[in-house]
Every structure is written in C-alpha cells, then in structure tokens.
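All chains are identified by letter, namely A, B, C, D and E, in their written order; residue positions are counted from 1 within each chain.
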C-alpha cells in the first residue's frame, strides 16, 4: 500500500537522522534521569510513602521526556518549511502522521528501556509483581500516549510557540490513558492479587488507544491543511 | 598547487604543544602509572589493616576515594583550561579541557559504581538519597551536559566557547560535593577528614592513610597519563581533518 | 494543462486574490509579474495545492484539484521562497529522500546527476546548513525537478543565484520545456522573464491585468506593458 | 547608564509584546495549574501526609513553567535572526542578558502570584508559618532560578534544539538553589521553630544567586558572540 | 573609512576568506560581486561585527573593530539575508524599537516617514508576519537605515523587490551617498551594481580578484570584467 510505504520512508528518514546525531534520544534519556533526580529532592524518597508513587513517576517521566520528542518531530519539519514539501508531495496526510508515529514510538520505547531500570535502581525498588504484564502495560500506554501526542503535536505545530502549546493540549486529552496505565502499573508492580482489575484497566486503555489512533488517521487531513 | 600549500601554511598553524612536547613524557607517565599502581595494590591489600566492622569490603574505599579525588581534579583542570581558552582562544587549551572532562566523567562513573557496590554491603541498599550521593550524581549530569554541548552542531570555536563557559560555571558543584557531608547533617556517608556538621572527622588508621595516599598518587598519575594520551589523540584527529581539508582545497583549485 | 476559473482567496477579511482566470496549455512557459504584495505567491501556493482557495476552480490535466489532488501532486514541481530542504542532510540525502517520496526510479543516479548539473558536486556530502544562499537555492531547484514534473511552479527562482547559476537554471527550464513541461514562474527580473518565457501575465492587487505573448525575447515590450499597468503605483 | 537603559528598552519590548498576546503567560499559568492537578491525582490531597510534599510541588511547578518561558525568551529572537539585530546594535551583551532577565523575572513573579494561591486552595493548605518569610524565599529562589536560566537559555539557544538542551543544562546548575529553597520553604511553611536553619538556607541561596548573577554578566559576552 | 587588512576566516578547517585587503574611503559606494559561496556574506558579517575574523584587522573610522566595537556599531547599518524584524510587530513598532536602540531622536516621526518612503504607509499597523517577501524586504531596508548610518552594509538588498521598490532603494542609496554615507553592497545584479556604484570588487573563492572603478554606469564593463575573472567557473 502506498500509505504505508511513504510512512515507512518518512519514519526511516527521521530515525536515520536521529541515528546520525543521537541527539534527541540522548537528551530524552538524560532529561528523564534529571526529572528523577529533581523529584528525589522535591519529595524525599527515603520516606516509605514515596514508594507508592513510583508508578506515577514512571509515567511522569515518560510524559515529560516524550513531549520533548513529540514536539521536536514536528518542529524539525518547520525549518525551511519542509513540512510543505511533504504536503505537496504525493503523500497522504495520514502517511505523514503514520510515519511520525512510527518514529516517535520507536524512540520512546528506547528511552523507556533505559530510564525505567535506572529509576528502579535509584529508588531501590524490588519488583514484587509480574514483568511481562508490566511490559505489556508500558507498551499499551506508550502507544496511546504517542498516538495522541503525535496528532496533537501536528496540531500545536501550527502555532508559533508549539513547545508551549503541546503540553496544554496533551495533558487533558491523554489523561484517561495516563490514569488507566498508572493504576494498572501500580497493581502489576506490587499487588498481583488484583490482576484482573489491572487487566480491565489495560483493556480500557487499549480501546481508547485504538479509537484515538483511528480518529487521528481521519482527522489529520484537517490538521495538516495549510 | 605547491604554491598554494606554501600560502596556506601560516593559516593552519601546527598545534604548538604537540611538537614542543618531548616524546618520552608518555612513556615516563606510563611507567610511573604501572609502578605506583602495583605499589598501591600491595599497600591496599597486604599492608593496610582491615577495618573492624566491614572487613574486606572496605578495601573498595581506596578506589572509591581516589577516583573521586581524580574526578574532582579533572574537573578543576577543565575549569582552568576553559578560562585559559576564553582568554587566549587557542585550540590546544580547549582540547585539554575537553579530554579532562571526559576522563572526569569516567572517574565519576567509577565513583558511582564503587559507591553503590560498597553501599550494598555497608548500608544494605544500592542507593539512598543523601546529600553527597545526590550532589555526586548531579556532578555526573553536569559534565554529561558539558559533553552534550560539544556534540552540538556548528564550528569548533563556537562549541569550544560555549563549552568553556559551561565548564567554568559547572565547576561550582565540585566544592559543593566535597562539602556536602560537612554542611548537611548526613546520616550515612562517613566523614573521614575534617569536621562534619554533627560528627567530628572519624579518623583513620595510619596504615590505611598510607595506603590511601599512595593509591591517590597512583590514580593521579594515571590521570596525567590518560590526559596526555587523550590530547595527543585529539590533536591527531584535528590534524587529519586539516589535511583532508587541504587536500580538498587542492583538488578544488 | 492548467485551467483556473474565478479563483479568489481571502485571508481574514483581506481579499488577496479577487477572481483570477487563467488558461495555460501544455508546454507553455509563463512568467507572472506584478508588484510586491500583488498575490503572486499566493496564486502559486493554491495551484500547488498547498492552500485551499476561498472560491473558484483549479483544474490541471483535466482533473479538479479538490477531488484528485493526489494524482495531480505527482506531476507538480514546486519551488517556493523557502528552500524545503533538511538542513542537517547533505544535498544527496535530501534529493534521494524526496526522489523516493515521488517514486523516482534510480534515485541515486538521478540525484548525483542533478547536483552535478547545478554545479555543486563538490559539496555532495556536506550538510546543507553550511551552504550560502545561492548554493541552497541551487539545491532547492534540483529538489523541485527531481521527479521530472509535468508542471513546474517557480517562485522567484533566480533569487541569490550568480550569473553562472542563472544560465544553468534557464537551460534547465528550456530543456524541460522541450520535453513538454509547463512552467509558471513568478519573477521580478524582466530580463529573465523575456528570455525564457513565451507568455507573460501581470497581476496587480489580486487581479489579472495583462496577459500577452513575448516575441523575440524583447525586454522592451515587457517593460513597457508593465509600466503601463503599474502607472501610479509606487 | 547606557547598559541599564538598553536593558530596560529590551525588557519593555518583550513585556509589551507579551502584554499584547498574553500567550506565554497564559500558557505558563495553565501549565502550572495542570501540573498541580496532576499532582493532586498522584498524591491524594486529603491525606494529611501529602501536606509534606507541598514545598516540593511549589518548586516543581516554578521550574517547569519557568523553563517554558526561559526558552521562549531566547527562541523568539531567532525567528528572522532578530538576535543578530540586537548584536549589531550599540548594545552590550550584558544589556541583552539584563533585559531578558528583567522580562523573565517579571513574568515568573506573575505566574507565581497566581499559581501558588491556587495550589494552596486545591490542597486546602493552612499556612502555619510566616508569609513574609515565605515571600522572601520565593523571591530569592526565583531570582536565582531565572538568572541562571536566562544565562543558560542564551547558551542553549545556539543549538538547533534549544528547548531540549536547556533543561539538561539548567537542572544540574540550578539544583543547589532548588534544594536550598525547597528546604527553606518546607521550614517556613510548617515549622517556624527551625527558622534559623531556614535563614541559613536562604543565605546560602542568596550568595549563590549573587555569585551567579555576576558571573553571568561577565560570561554572557562569550555566549552571545556569534 | 573602512580598512581591511589580511582578513581571513576559517570555519572548522574550511577557509572561507583567505586574506582580503580592501580600503574604502568615505562616501564611496562599492558593489561586491562574486559567484555563490565566494564568501561575500561572510565578509559583510565580519565588517558588521557579527562574527569574529580568524585573523586580520578591520578598522572603521580609524577605530579597530576589536577594541572599539561599541563606538563603531553606532554608525553601521546592516541588512543581511534575513529581515531582522519581529514578526508579530507592525512596521512602526519594529522601527521605533530599533530606532530607540540606536538612540534616534523623534523616532516615531522618522519611522512613519521611512515607512512612507518605502511605500507601505498603508500597512503601517499590520503585523509583519503577513507581509509578502518584497514587503518584508522593504521594511528591512527601512530598519537598516533608521539611524542614518555612516556605513551601510547591504547583502543582496534587491531580493524580492519589484521594479518600483528597486527604484526607491536606489534613490535611498544615492541620497545617503550624497550625505556622505559609505556603502558596501553585495549583489548578483550587474545592472543595479553598475547603476549606483562607483567601484566594484569581485570576490572569488575567498580572495579579492578584481577591484575597479565604474564609469558612466557601463554595465558592459562589469560584465566583461566579471566574465574574465570567472572564466571556467560554473
């Protein structure tokens, strides 16, 4: 299919240029670590209560580090108006969305595989739950977050100060996903007896993901119109 | 073509230090590194007495403190050469600052790995949030940021200038790390030298002190050796770039 | 080839284009002249499908741009004021990427050849961000024609080019014209307009005010007609 | 003095354009509110223990909302290279720094006067300590954060992706200020008996502020060189 | 007025300028010609004090740019490729701000008058971001001369201007010349160069290769000299 082909081409271009510079990825990872450190002195981690916020922190760092990458993926197309070049090319807007989504999703997965173990280490966290479920939930949550985020980044990109607008749009819309996965993460990390409830949350998030992904594919045409 | 080369020579000056430096310095450094390292290992494992409560695990102390000291020293050198660079604007100073910062990062990583290993046996946890540990971690991130500035795109003098500025202001964290346990009341990280805020310096057995001093000396010489090697390597890289460009220009004209 | 009827464009309450009708047949090379702010770039953007007209019809190759935009896009080469290049990529990487996007076959060869044609083979692998204005413009031209478009839309393509590059550009346009490409070119340079175009359109204040054929590359005719239209306008 | 005059002119221009659009301020305030709301989800505000995290939250929102503004204040000078226009004008780099600092500091003070009461309201916080001291500490902390931040934003502005580089530079360098003021805030908000310790922290932060401000004024010449 | 000796500029290892010596006396109008990527813009940036040379001396009004940069800056008007305007501000606000920065007296009147001169009084209060390329360029020119500089550095000032605006610009330059302003102008347009300049410098590959006076606005002389220098260069 042409759509997928051009999307892959675009994703390849983005990932290749990231591969050459590694700039965004490294920044995201360091940023995630720094957020962990900032939280550590804002909220005393030796306090036992803070152990309970680890699921929250996981998602906070994914969100904050993710926003950096999401914004960049669109802003990088604005220098020299290259976004126009994509728009006048025989490529559907949905292809642009898909391409950006693939690139962003790949990057955030890499960030997570590095930042989360680091977090566990620093907060001296002992895994009491199930790792496969945990990975599943991270995957589902990131998928939702990135698909919503890519769409909204394209929307915010129309503004001169998109890096400011993006969080404002993203937080409210992504909050169902984030609340859901935080709950699910909390359960699979500590209390496997409530697994069924975690699965229900995951299901809820998954359907939200799918709905949003499909809606985005349709609505992106209107967002990317000049 | 040959005339061209003649003309351009003064514009691409050879780095002054790479030539004037005698060739035997690296060998001397390497030799003394090996000797002092071996001595310090002897002192650490055979000469110094064992600590009462922690036993053999305490041996890590010597590496821990020595590499922390070297990291501090490396960042001091970075700061010094950064200032020099801003004043004199010669590439060699920048190279020194850069290489030194890289070595400093490596030694900070050593501190940040030996620390937790020791902590696991001493405090039964990998990590606690305690002033010195936090400030050390921040020190690590500071110099990662320093290196990130060097990875920016642009011409070298811009990057060197910005990195120098950051190298200067980044150095403020080093004294903070050092005094962290002396200003804050710390529950865990021991103070050995000088006065702590709630405990007086713990003191140390003379044999341990001797071992410590020797290992610090060994690490410092190792640092000097690495610095020398690193700078030589960087200079070579710069040279290669210059020759490439020269070649390109000759083809062009 | 291009058929524009009653085209208007409004930005907020400002009428930028006020009813434009143009017909361009295949193989023609048309220059669009007009004072600053007349709406030339806006017209080109609409034809390229980048912005939507407020009202009116744009047809190319017999297809309506609203319905068959996708088909039409394949045959358009568009060069606006901006370069549309990725700064951190080299000319080669840029051209290969866009070539692939347009489904060009043997992209690499074509890209290398184009870079050579615009006289920058020497900079094939340098990132575009270090280029001077004229060098960027040369690569931007190469980008616009990478897929051998049937319709070429050029917005002040001579900007920043030195004399050599202007000759190259004119040759490129003429070669493509011989292959049957239709070209619309916005310019302020009467000399270039008279030299390569067979027809000239003058736009003023969002309206088409003149439309005539050029004979024998006579720059005087152009200057005269332009002056007559723009009388009294600064 | 010419330095101060041109700095004020620049600050006036920035504040005036902000006054016309109110874009950055509104974004900062909404962003701060969103962060507060997110935290109120993460830490149950009815729980008495969470009162302890309020000082941390205050500084987290100042930092994150502040970063948005700091970055923008420099990036806004990059469109059409207006920064070059300032540099070729008869104006010292220190004047540019000072002007940007004044504008940023004014804006963050406005954000704080709105966001902090909102936070207290949401978390139903009863001030047990001293308000004048609290204001002093907020002032000192913001001063340090903004002076360091403006300087580093100018530094990061040289990079193509300054919005990503800025936090990496800013968090570590500003951390002594942040740690200090968080501690001091904690004390003056809850436990006035340890006031002397709070004052010691404030003193420490103040000296850090002054040192940095002076260093910045000197080093900005090197940062703004093209 | 301007005295440049042995100026070189190196970006990484690439030599952009390789030893340039120029002397320009007060009141001269000098055009700088040269192929793309020759280093013309870089030269102008150095004179404007925007970037530092790798080696060499730049003196203006007898002052060394390294030491008395501040004094010199007051008397320089610089127009680069970019417009140096605040997008969301109107022409008036832009000009008033920059006027104040340069300590111009009665800024408002001067600004209004300048906008009128470049023929955009009608857009006095519209934000610059909606302007067309040529309109932006007109305001950019006004910005560069707001403080009546003694030295004017123009980098391809005719870009995007229509015929009317070109005449305006040329008049402005000539008026300022009569007031004793020294002008350096980079351009690719021989016609304009011959028309308004008394002296022409050709730069090629970072070196000054020719330097001659223009007589009787003869464009032929310029073309011929340029062609002779650039032989064999694309």
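Some observations on this one:
The rule we apply is simple: a contact is a pair of C-beta atoms (placed from the backbone, for glycine too) under 8 Å apart; a residue touches a chain by one contact, two chains touch by 3 or more.
Given the structure is predicted, the values throughout are model-derived calculations rather than measurements.
Fewest steps needed to get from chain A to chain E, stepping only to touching chains, is 2.
Relative to chain B, the chain whose mean Cα position lies farthest away is C.
Farthest chain from chain A (centres taken as the mean of C-alpha atoms): E. By number of C-beta pairs in contact, B-D leads over the other of A-B and B-D.
Per-chain CA centroids place chain A at a distance of 36 Å from chain B.
Computed from the mean C-alpha positions, the centre of chain B lies at a distance of 32 Å from the centre of chain D. As a whole-number value, the distance joining the C-alpha centres of chain B and chain E reads 48 Å. Put simply, the C-alpha centre of chain C and that of chain E have 28 angstrom between them. Multi-chain contact residues of chain A (touching two or more other chains): 21, 23, 27, 30, 34, 37, 41, 79, 160.
Among the residues of chain B, those touching two or more other chains are numbered 134, 138, 141, 144-145, 148, 153, 252. In chain E, the residues that reach two or more other chains under the touch definition are 11, 87-88.
Residue ranges of chain B in contact with chain D, taken from their complex: 86, 134, 138-139, 141-142, 144-145, 148-149, 152-154, 158, 161-162, 164-166, 168-170, 172-173, 176.
Within the complex, the chain E residues that touch chain C are 11, 34-38, 41, 81, 119, 130-135, 137-138, 156, 159-166, 168, 188, 190, 226, 230, 233-234. Of all residues in chain A, those touching chain D in their complex are 23-24, 27-28, 30-31, 34, 37-39, 41-43, 47, 49, 53, 56, 60, 68, 71-72, 79, 160-161, 163-165, 167-168, 171-172, 179, 182.
Chain contact summary for the complex, chain D toward chain E: residues 6, 9, 13, 17, 20-21, 79-82, 84-92, 225-226. For chain D in complex with chain B, the residues that touch the partner chain are 155, 158-160, 165, 168-169, 171-173, 175-176, 179, 211-212, 215, 219, 222-223, 225.
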